[in-house]
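Below, each structure is written out as C-alpha cells.
After this come two complexes, each holding chain A, first together with chain B and then together with chain C.
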Partner chain A sequence: MSEPIIELQEVFKTFGRIVALNGVSAEIIQGEFFSLLGPSGCGKTTLLRAIAGFEDPDSGNIRIDGRDMTGVEANRRPTNMVFQNYAIFPHMTVAGNVGFGLTRKKLGTTETMRLIDEALRMVSLEGFQERDARTLSGGQKQRVALARALILRPKVLLLDEPLSALDRKLREQMQSELRNLQRAVGITFVLVTHDQEEALTMSDRVAIMFDGSIVQISTPEELYTAPANLQVAEFIGSMNFLRATVGRATSQGTEVEVEGLGKLIMASESVKPHSAGDNVSAGIRPEMLTVLFDEEAGTARVAEGQIADRSYYGDMTYYAVRLEGTEQTVTVSMRNTANRPILPLGSRVRINWNADSIVLF
Partner chain B sequence: MGAAAIVRGRWRFRLPSGLVLVSPPLLYAILLLALPIAAVVTISFWTQNYLDLDRTFTLANYREAWSQPVYRVLMLRSLAVSATVTLCTVLLAFPIAYFVSFHVPQHRKSLWIFLITIPFWTSYLMRIFLWKVILGYNGVINGTLIRLGIIEEPLSFILYNVNAVVITLSHAWAPFAILPIFVALEKIDRSLLEAATDLGEGTVRKFLRITLPLALPGVLGAAIIVFIPTVGDYVTPRLVGGPNGLLIANMIELQFKKANNPPLGAALAISSMLIVAALSLIFVRLNRHHLRDRS
Partner chain C sequence: MMRGGFRFLTAYVAAYLLFLYAPVLLLPIFAFNDSRVVAFPLQGFTLDWFRLLLETEPLHAATRNSLIVASVAAFLSTAMGLCAARAATRHSFAGKKGIMGLIMVPLVLPEIIVGVSLLVVILQAGFNLNLWSIILGHVLICTPFCTVILSTAFSNLDRNLEEAAIDLGETKLTTFRRVILPLVMPGIMASILIAFTISLDEFIIAFFLSGTETTLPVYIWSQLRFPARLPSVMALGTVLLAISLILLVSAEYLRRRASDRSAAANAGGNF
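After this line comes the complex of A and B, so read on.
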C-alpha cells in the first residue's frame, strides 16, 4: 500500500539567476492526496511542472511508478494536469474537451461516448456534452478540466491551484467534492495551493515549501501541532511566541522558564534539541490558551493579564492579553458559549495553558 | 437637482461632440469611397456616343460584359491568378508568422514585425522592377542556374507570363497576410498547447488540433485581405505579365482610356466587384460553417 508513486531526488531547477527548486527530495505515496503548500514564488508550480514534464530539472532525478522520467516527454508521462486557468479548448464542445486525450487510443465512437458520459457523471456535469466550452462558468470549466484529465486514468493527477479562481462558497464545495472524487477513483492527487486551510482539510499529507526547498512533509495534524521550525509555525495558523530559557532536567521533565507564564515542566522529549541555558522561543497556539471564568478557577496554573484588544468572529472571540509584569501580549481564542460573556477591553483576566501544546524553537 | 442636472448637462454636451469628432473621417469616407462607387454605378448604365455620353438608362453594357467570351476569359484568369496568389501568400506567410509568434523571444517580436514591413518603404514599382531583374531572361535566377550548369538555355516561363504575376504579387502581399495570422497566433493561450501535450498529443497533432483551428480566423482574414485587392491589380500584370498575363483590370483600364468606352469599363468594374464580393462571402460562410461543425 505504501509504495511510492513519485520519487524526487535532489531536484534542482534555476531560471537564470533565480533558483526555483533548490534540491527537492520527497516521496509521494500511491493513492494519497498530497499537497504542496507554500508562499507565492516558492517553486510549487515549477515542481509540479517538472513532474508533469514541462520543465527539465538542471539536476536530480524524478521517478514515477519506478520509472526514471529523465528525457521522457510530457505527452508520454503517466501524469495528467489540471491547469490553474483550466486551459479549456475554446473551439470545442464539452465532449470534445473531455474526449480530447481519448482520440489517440482509437476506441471507437460508442466506447468513447460511454467514457465521456461516465467522466461527466463523475464531475456532476451530465447532459453537458454538446455545450460550447466558451459558455461555461468558472466552476464548470474546472469540472471539465478534471474530467478531461481523469478520463485517461493517469497514475498521478497534478492540480495547480485549481480552486483559487472560484468564489468562497464554490471553493468550499469543490474542496469536499475533490476529496471525495480522489477517494472514489483512488488516483494519487498532487495539489498545489497557497491556501493552508485547503491543504489541511483536503490532504493526507502536506509538504511545506519555502524558497525552493521542502522543509517539512507530514500529516495535517502533525504539521499544525508539531511544526518543524519557526518558519513553518509562523506560516501555518497563528501562534504566540514567548521568550523562554531552558532550565535543568528533572525526573518529571525539563524545566523551562517562559516569560509571562513562569516556570513550566515540559516533557524532556519535546525539549530535546535544546540544552540547559539555551534561549529559545516558546510557541503556543491561541486555542491552547484559556481565559478562566470565575467558576472554572481553581487548581490550574495561571498567569494574570489585562485585555488589550478584542476581535469578535461570531463563533469565536480573539483576545489580546497583556501579561502581568511584562511587555508580552498573547492572543487567546475562546469559543463563545452561553455561559461565557464577551469580556470588555481592560478587563483583568487569568489565563491558563496546556504545557503539552507548547513547542520550543 | 444638483448632481442629476450636472450629469444630464454633461450628456447633452457630449452627444454632439461625438458626432463632431467622427465627422471628418466620415466625410472623407463618403467623398472618397461612396461617391466614386456611386459615379461608376451610374456611368455603367449609360452609353458612350463617340464624344458624349447618352444618359438614358440601359443594361446593354452589362449584357456585353457578361456575354463576350473575352471578358469571361479575363475574369476567370483574374480569379485564378488571385486565388493562386492568395494560396501562395498564405502558405508563405503562415510559417513566418508562426516562427515570429512561437520562436522569437517576446522582447524581439515587435522588431521582427517591423523588419517584415520594411519592403513597404520602397515604392511598389521599384519592387516590380527588382523582380524583373531577378526573373528576367538575363536575370539573377537564369544567370545563376546557367553558371551552376543546371540549365543551358535561360528559363522563359518565369517572366512575362502569369507565373511572374503570381510570384510578384505573392511577395508584395506577404506582410498583409503575415500580420493577421501573427495576431491570431499571438492570441492563442499557450497553456492550451501544454494541455494538449499533457493529454498525450505530439507536436504535429497538437498543431492540427489546437494551433491551426485557433489561428483559422487570422488565416481567413489574411486570405480575404490578399484576394480582394489582387483581383483589381493592373500594374503588375502590365509590367511582368506579358501578352498572355493580362487580367480583367487591364481590360477595365483599356475601356476607360484607349477604347474610350467608360460605361463598358464601369460595367466590367461593377461586375467584377460583385463577383469578388460574392466569392468572399461564400468563402467566409463556408469556413464559419466548417469551424462550427468541427467543434
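After this line comes the complex of A and C, so read on.
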C-alpha cells in the first residue's frame, strides 16, 4: 500500500531567469489523495505539468510507477489530467468527449459505449451522452472532464485547480464528491490548489510549496498543528505570533517567557532546535485561546486583556484582545453557544490557552 | 448649433453612401436596359445582354480561367496562411515580428509594382506566362488576408484543448486532425472564400502576368474598346457583383460562427 507511485528527485525547471522548480524531491504514495498547496507562482502547476509531461525538467528525475519519465511524451504517460478550465472539446457531444481517449484503443462500438455509460454513471451524468458539450454548466463540464480522464484508468489523475472556477456551494459539494470518487476508484489523485481549506479537507497528505521548493509534506492535521516554519504557519489558517525568549531547561520541561502570557513550561521536545536565551516567535492559533466567562473562572494560566475589535461570523466570534501591559494584540476565536454572550468592545476579559498548542519559530 | 451639426453630418453620410454605391447600382440597371447606348432615359426591360453572355465563347474561356486561378490561389494561400497563423499564435522564434511583417507587406504594396516585378522575374527566369504565373501573383496578395483571418481563428482557440487531446493519448498530428482542424474550419472556409473573391476580380497583376490565356477582369477590360459591347459587360458585371456579394456574406457568416465557437469553448467556468 505504501509503494510510491511517483518519485520526484531534485527536479529543476527554469523559465528564462525565473526558477519555477528549485530542486523538488518528493514521493507520492500509491492510492493516496495528494495535494500541492501554495500561493500563485510557487511552482505547483509547473510541477503538475512536469509530471503530466507538458514541461521538461532542466534536470532531475521523475519516475512514475517505477519508470523513468525522462523523454516520455505526455501521450505515453500513465497519467491523465483535469484542466483548470476543463478543456472540454466544444465540437463534440458529451459521449464524444468522454470517449475521446478510447478511440486509440479500438475497442469496438459496444465496449466503447459501455465504458462511456459507466464513466458517466461514476460522475452522476447518466443520460448526458448526446448532449452538446457547449450547453453544459461549469459543474457538468467538470464532471465530463473527470469522466474523460478516469475512463482511461490512469495510474495517476492530475487535477489543476479543478474547483477554482465553481461557486462556493458547488465547490463544497464537488470537494466531497471528488474525495468519494477517489476512494471508490482507488486511483492516486494529485491536486494542485491555492485554497488551503480545499487541500486540508480533501487530502491524505499535503505538500506545501513556496518559491519552487516543497517546504513541508505531511498530513493535514500535522500541517495545521505543527507547521514546519513561520511561512507555513502564516499561510495555513491564521495564527497569533508573540515575542518570546527561551529560558532554562527543567525536569518538567523548558521555560519559555512569552510576552503577554508570562512564563510557560513547554515540553523540551517542542522547544528544539532553540536553546536558552534565544529570541523566538511563539505561534498560537486563535481557537487555542479561550475567553473565560464567569462560570469558567479559576484556571491558573490566565492573561488579562481588553477587547479591541470584534468580528461576528454567526457560528463564531473573533475577538482581538490587547494583552495587559503590552502592545501585543491576539485574536481569539470563540464558538457561539447559547449561554455565551457576544462581548462588547472595550470589555475587560481574561484569556486562557493550551500550552501544548504553542509552536516556536 | 448641435442640430445644424447633426444635419450636416446626415447629409455628409448620405452623399458619401451615394458616391460609394450609386455607380455599382448603375450596373444592374443598365444590364437590363434595352439599348446599346448606356445612358438615361431607360429604354425598356431586356435579358438580351445576359443571353449574349451565354453565346460569347471567349468569355466562357476567360470565366473558366478565372475560376481555375481563383480556386487554386485560394487553396494555396489558405494553406500558406494556415502555416503562418499557426506559427504566429503558438510558437515564439527569433525574428518572428519581422517575418510576420514581411508576410503582411503585400497588403500595402502597390499591385502594379508586384505585377511588374513578378513579370521581370518570371521572364528573366525563362518561364512562360500562363495561368500559373497569375496564380503565383494572386497567392502573393491573398496570403496576408488569409494569415490575418486564420490568426484570429487560431488565437481564439484554447490551448488547453490541444494539451487535453495529447494527454488523452493523441499525437500532435492526430490532435490537429481531431481537435484543431474542426474548430478552425469555419476560419479556413472564410479564408478560402475571401482569397477566392480577391483573386476573382483582381486585374492589374493578372493583366501583367497573363500570356495567351486571360482571366475575366482582363477580358472585360479588353471588351471596353468596343462601345457596342458595353451593355453586355454591364450584364457580366452584374453577375460578378452578385457572386462577390454572396461569397463575402458567407465568408463573414463563417468567420462569426468560428469566433462564437471558440468563445463557447473558452467560457469554461461559468456557473
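Keep this in mind: the second predicted complex is superposed on the first by the 361 of 361 C-alpha atoms of A that agree within 3 Å, B and C clash if a C-alpha of one lies under 4 Å from a C-alpha of the other, contacts with A are read in each partner's own complex, and residues count from 1 in each chain.
Assume a residue touches a chain if its C-beta (ideal position, glycine included) is under 8 Å from a C-beta of that chain, and two chains touch if they have at least 3 such contacts.
It should be emphasised that the depicted structure is a prediction, and the values quoted were computed from it without experimental measurement.
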{"item": "Side-by-side fit of chain B and chain C on chain A, or clash", "value": "clash"}
{"item": "Touching partner for A:137 - first (chain B), second (chain C), both, neither", "value": "second"}
{"item": "Partner chain(s) touched by A:93 [first = chain B, second = chain C, both, neither]", "value": "first"}
{"item": "Which partner, chain B or chain C, touches more chain A residues", "value": "C"}
{"item": "Which superposed partner A:167 touches (first chain B, second chain C, both, neither)", "value": "second"}
{"item": "First (chain B), second (chain C), both or neither touched by A:52", "value": "both"}
{"item": "First, second, both or neither for A:75, with chain B first and chain C second", "value": "both"}
{"item": "Intersection of the chain A residues that touch chain B with those that touch chain C", "value": "52, 54, 73-75, 79-81, 83, 85, 87, 89-91, 100-101, 104, 148-149, 152"}
{"item": "Parts of chain A lying in touch with chain C, wherever the complex brings them together", "value": "52, 54, 73-75, 79-81, 83-91, 100-101, 103-104, 134, 137-139, 141, 148-149, 152, 164-167, 170"}
{"item": "Residues on chain B engaged by chain A in the complex (per definition of touch)", "value": "189, 191-192, 194-202, 205, 209-210, 213-214, 291, 294-295"}
{"item": "Of chain C, residues touching chain A in the complex", "value": "158, 160-161, 163-171, 178-179, 182-183, 261-262, 264-266, 268-271"}
{"item": "Touch list for chain A against partner chain B, complex", "value": "52, 54, 73-76, 79-81, 83, 85, 87, 89-93, 96, 100-101, 104, 132, 148-149, 152"}
